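So, here's a batch of structures to check.
Shared between the two complexes below is chain A, which has chain B as its partner in the first and chain C in the second.
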Partner chain A sequence: MMQAELLTRRQLKSAYVTVEKQTVRWKEIHQNSDQYVNSLCNLSEQLDSCERVPEKTTFLKDFPDLKIRLRAKLLGEMEKMAGKLRETLCSLQEVSNSISRQYAASMHTYQTHAGELGIHKVVQRSATEPSVADMLEWLGDIDRAVRELYLQKQFLLDTLKYDDTRQMQSLHRRWTQDSNLDTMIMGMSYHIIL
Partner chain B sequence: MSESSSGKGSGKRRKSSGTPRKSDSSSPSPVKSPSVNYAKLSPMAKKVRDVAADWHNLIQRWEVLNASGASVSNKIVNCKLTNIESQDAAVVTVEQTSAGFTAGAGEAADADGMSKELEGFCNQLTDTYNAMAKLLEKMKKLTLNLKGQWELQQYQSNKDEGESSILFQTWPIQHFYEVSVELSEMYSRELKLKQGISENIAHRSDRHTMMFLASSWLHQPYIDNRSELLLESMLVETGHR
Partner chain C sequence: MSSNLMVVQSDPRDAGSQRCRLGPELMTKLSLNMGDHVKLSLARSELLCKAWPRQDLAEGMLQADHFVYRDVNNRYVSEKFIEESCVEKLAVGKLLKADVAVVVAGGLKNAVVKDKSLLEMYIGQKLLNVAVFRNCTVSYADRSSIDNIAYVLVRDVECAECKLDAGYVTKKTEFNVVEVIRLEQYNQRQQSSNISLGALQRQAAVLKEAVSLPLMYPQTFDKLCINRPMGILLLGPPGVGKTSLVKTVAAECHAHLVALNGPDVFGPHPGESEENLRRVFQEAVTISEEGPCVLFIDELDALCPKRGGSGKSQENRMVAQMLTLMDGQAGRGRLVVVAATNRPNAIDPALRRPGRFDKEVHVGVPNQQEREEILRVVSRDMSLAEDVDLNRLAEMTPGYTGADLTAVCHLAAYSLLSRAQTQDKIPTQISMEALRKALAEIRPSALRGFDGTTEVSPVDWSAIGGLEDVKVKLQQAVVWPLLHTEAFSRLGLPRPKGVLLYGPPGCCKTTLVRAAAGACHATFLAVSGAQVYSPFLGESEKTISQVFQRARAAAPTIIFLDEIDSLVRKRGEGVQSGVQERVLSTLLNEMDGIGVEISRSGGLTKVAEGSSCTDQVEKKAVPVTNNNVLVVAATNRPDMLDSALLRPGRVDRTIYVPPPDLTARAEILHVHSRKMPLSQDVDIQELAHRTNLYSGADLENLCREAAMQALQQEGLDTGVVKHTHFMAALQDTAPSLNEEELQHYQTLFSK
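Entry: the complex of A and B
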């Protein structure tokens, strides 16, 4: 194996090692954020009930400002939870950035040696190793998928409306829909013996 | 203030007083003012310091009770909701089957078991409320204690003028009293709300009202966010933090 191919393959391997580690991290961070999403949903349900208490309830006569006060408290709590989710988002961004860096570094290594490698070497695969071109493409796919997921979550948080009950109730489903990331990365790294 | 003239300070110290419990996870204490020597405080300052520690402990205990009360009130709401649902289901079965009397009997037994469970929860909630009421009594006593100290100081400063009325770093005793009054007012309003909740929660059948009551218990709407600031500044001022 010539020097250029060796270097490119080595870089790709280390990139995949990092990607795998970062995926584990992503999963951990994401699992940890579940509790915040759950309490946000829960709080939104409470807020909804607070809004929908019949005005003529005798109980409220003794506490005329109770509704406003409870609302303020609930919104404060929701704000706290959303803050936690924003922190989560920052950690996810780090993961995404780290994967992007790996992709960029691999592309850079490949481009420096592209002339020397030649198209034949780039697309050549063996029984144990995929071709350089495949590995680069998969890495690019992973990078894009992770970035997209991150942006989806960011959008979700940016468009959050605390008093929109229906939106809040679907938050949990929309926040957790990244299970295909797992299968995708697992499927790809399966081909690569790390 | 001269030490000999403050007769109250030499009285017996209460056991509950002292430093705040270790259980709270406070941030590392800020830099203490070097000008205050906490070992050599005037008796009045020592008393005020104890009162601040007592406030801290009482509020901690209140929070524990509040959490347990909240879980009980949630149980009550769940209990009521499943009860309502099973009643609805029972009505449907009665309508559907011709043998209505057997279903009716089953439902009655169900409701009976439910009401016993519900009663147990309600008793728990009332007990929690009573424990909170006791805490509030203690809080009021602390406020009275500070009021007494303040009056004593006024009396003394009438006798010998020009004495500094600042006990620790910046607060005069009047300020301690005002903070204490504000805190106990918050807690007394909250307690009133708790009383209302504990009396009402089991007698409602509307889902939203019940949820509203349960979340009112949990979030303590009458205790402002300011209360935390008040307590913390009192602790910082007296050198506990």
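Entry: the complex of A and C
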């Protein structure tokens, strides 16, 4: 095996090791964030119920500012939860960035040796190893998929409205919508013997 | 190795990766490495991609992700196979700055889209590592995403190496969002760029003003307290281009067009139709808050017919809803409601007042100059032969609307194709002859499917024997005013409104008129008494006035009233049902031109004399040729006609058609015996001498009779008609005229 090919393959291998680790980390962070989303949903339901209580008829009439206070408290709590989700988002961004870096580094390594390698070497596959082209392709796909997921979550947080009950209720479903990332990365990793 | 590449649809897994799959051999040949940027020039678009080897390593195929592209129209590149030279390596630098427009589906409500700086950051992250070039489109349309961004349109780029037009987005790239566009509007812009209008500039200007003024001067509008939607009603016969007018104007003003088809709104359940109507209006109002918006209601007459009829409760509710909606949209200066109809009188009158539909714009049948423009636009992309004279064609097509002219051109093109089937050589150019043939097949839609008129085939002047001075008179009275309009207006000569031909029966008055109609390229409407009279009260008058309306729409027109004495008689004579009197008064009114202005647009409303109408000033600009209607009547009982009809101003010229004199009789006999095998001894001159007081019809009968005599006397296999046969026929037939009668005709108008 040529020096150039060896270097590229070694870089790719280390990139995949990092990607695997980062995927595990992504999952952990994500599972961790579940509780925040759940309590955010819960709080929004409370807020909604609080809004709907008729003021004049119930016991609330004895405590005129109770509703306002309750509302302020609930909103404060929601802010806190959203803050936690923002922290989660930052960690997710780190994961995404780290995968991006791996992809960029692998592309860079390939491109510096591209002249030496030539196309035919790059597309050669063997029974035990995929070709360099395939591995770069998968790495690129993973990078894009992870960034897209991250962007979705960022968009969700950016457009969050505390008093929009319907949006809040669907938040949980939309937040956890990344199962296909898992299968995709797993499927690709199977091809590679690390 | 073949030099052609087959263009294959891209792999869905590649979507968004900007990859362009090529065979490894080709990549080596073009000295491309993986991930190098290439520019592909295809038939419909130019793509910017990254070169990548195919997974199955096959050659001869090109599979590009349609992600970053620019629309182009390359006629010379085939869609399926392209040459290798269409793949070009492109050096790409880092992108420093980019001006972009964002196309968003489903409303512009969410926080990211509203906040410009947030949107700019978001776009920056979304487009990371994507290479773009000037004026390209980045498409996210096929992938449903949570953020609803469908396209990012890159307007301008600035790269690190300043020579380049293309660059890839890095984390440091600055984005500037110039515009946020709704997806519907974007799609409309893509589609409507290829409609073009011939003529109609005047109407387009009115519409454009209404749409674009509020947008250009928003502060002034606020100060002037203009806070109602603008309503414009387009009136005009079908096929003149009302719908395409609105579409073009909306596209030109970059206004969003919400189309509402009258019949589409109706639903099967009670209340559903109103609900639909409210929904469409609400949608339009929402859009108008973001930008200019045109709500276009086509076929308004179907949606809002006149109220008050029994059993039309649904329509009544519909109209009521419409009125409320038109009134209720206060504070929306940017919404323009445009409705189109070809039956303005079927619409509920409550809609046609200022505050609902403020302006009424008439779209009339095009005049000659406008027809030429339309023809030019229609035939722009067709290849015409050199002998095609569009000016001449426009002259030949009075009463044709835009739709008719389009149909004529298309039919001519089709006839070429069908001829190509029978011949080997395929003609590629549309000749004048093909257009003429198509013209004969397509009748102007203004005259189609219409009661009260009959078809008359024109004849040539030469088919009429004799009567030379009558022909000249008729040409002066009928043909000149229609053909030489400018000469008449130069001398301040008012055009005659009516011509009466009178004379004994059988002296070819009808044929003369047919010849005159053929000589000038005017629409010819022949009214027959049988179709005018109807058992229903008021129907006959309506038919007459409709004939005049159509005639004005399709001007210049000749209206031919044959046997006018049977149609209208003297008033106050004998026992009459009163129908004839009413028809007469309608006819008199129409000839005086009361109600011309409004009804020219196809409406039925009459404007009383002296009443003013805001649109009248506008109409002065229309060339005068447009209300060019000439009434030609023929009768053999001129004494039976009402004197009001015969006064100058209505019937200006009366022309006496005398019975044929000697030479005329000889000519007529020649004309009628042209197809007969005459023997040598037949003396036409002698026959002419002996047939004094015979009318043209009598002479025709004489010829027929002579031939019958020949068959009777010589047996059925005879080959010639002899002089004796004519003489025998003369014995049998008697002249239908007499001196007394002729004297009467001659003295009638010669006082």
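The criterion applied here is as follows: the second predicted complex is superposed on the first by the 194 of 194 C-alpha atoms of A that agree within 3 Å, B and C clash if a C-alpha of one lies under 4 Å from a C-alpha of the other, contacts with A are read in each partner's own complex, and residues count from 1 in each chain.
The rule is simple: a contact is a pair of C-beta atoms (placed from the backbone, for glycine too) under 8 Å apart; a residue touches a chain by one contact, two chains touch by 3 or more.
This structure is a prediction, so every number in the text was calculated from the model and none was measured.
Engineer: Touch check for A:A133: first (chain B), second (chain C), both, or neither?
Structural biologist: In the superposition, A:A133 touches chain C alone.
Engineer: May I ask you to decide whether A:D158 touches chain B, chain C, both, or neither, giving the answer as first, second, both or neither?
Structural biologist: second
Engineer: Which partner does A:R173 contact after superposing on A: first (chain B), second (chain C), both, neither?
Structural biologist: neither
Engineer: Specify the partner with more touching residues on chain A, choosing between chain B and chain C.
Structural biologist: Ranking chain B and chain C by residues of chain A touched puts C first.
Engineer: Scan A:R86 for contacts with chain B and chain C and give back first, second, both or neither.
Structural biologist: In the superposed model, A:R86 contacts neither chain B nor chain C.
Engineer: Is A:E77 touching anything from chain B or chain C once the two structures are fitted on A? First, second, both or neither.
Structural biologist: first
Engineer: In the superposed arrangement, does A:H108 touch chain B (first), chain C (second), both or neither?
Structural biologist: So A:H108 meets neither chain B nor chain C here.
Engineer: Could you look at A:D141 and tell me whether it touches chain B, chain C, both or neither (first, second, both, neither)?
Structural biologist: second
Engineer: Considering each complex separately, which residues of chain A are in contact with chain B in the first and with chain C in the second?
Structural biologist: Of chain A, no residue contacts chain B in one complex and chain C in the other.
Engineer: Which bits of chain C are touching chain A when the two form their complex?
Structural biologist: So the residues of chain C touching chain A come out as 13, 16-17, 19, 24, 27-28, 32-35, 52-53, 55, 57, 110-112, 118, 122, 125-126, 128, 145-147.
Engineer: Which part of chain A faces chain B closely enough to touch in the complex?
Structural biologist: 45-46, 48-50, 52-54, 57, 59, 62-63, 66, 69-70, 72-74, 76-77
Engineer: Can you list the chain A residues touching chain C in their complex?
Structural biologist: 107, 110-111, 114-115, 118-120, 122-123, 133-134, 136-137, 140-141, 144, 147-148, 151-152, 154-156, 158-159, 161, 174
Engineer: In the complex formed with chain A, which residues of chain B make contact?
Structural biologist: 192-193, 196, 200, 206-209, 211-213, 215-216, 219-222, 225
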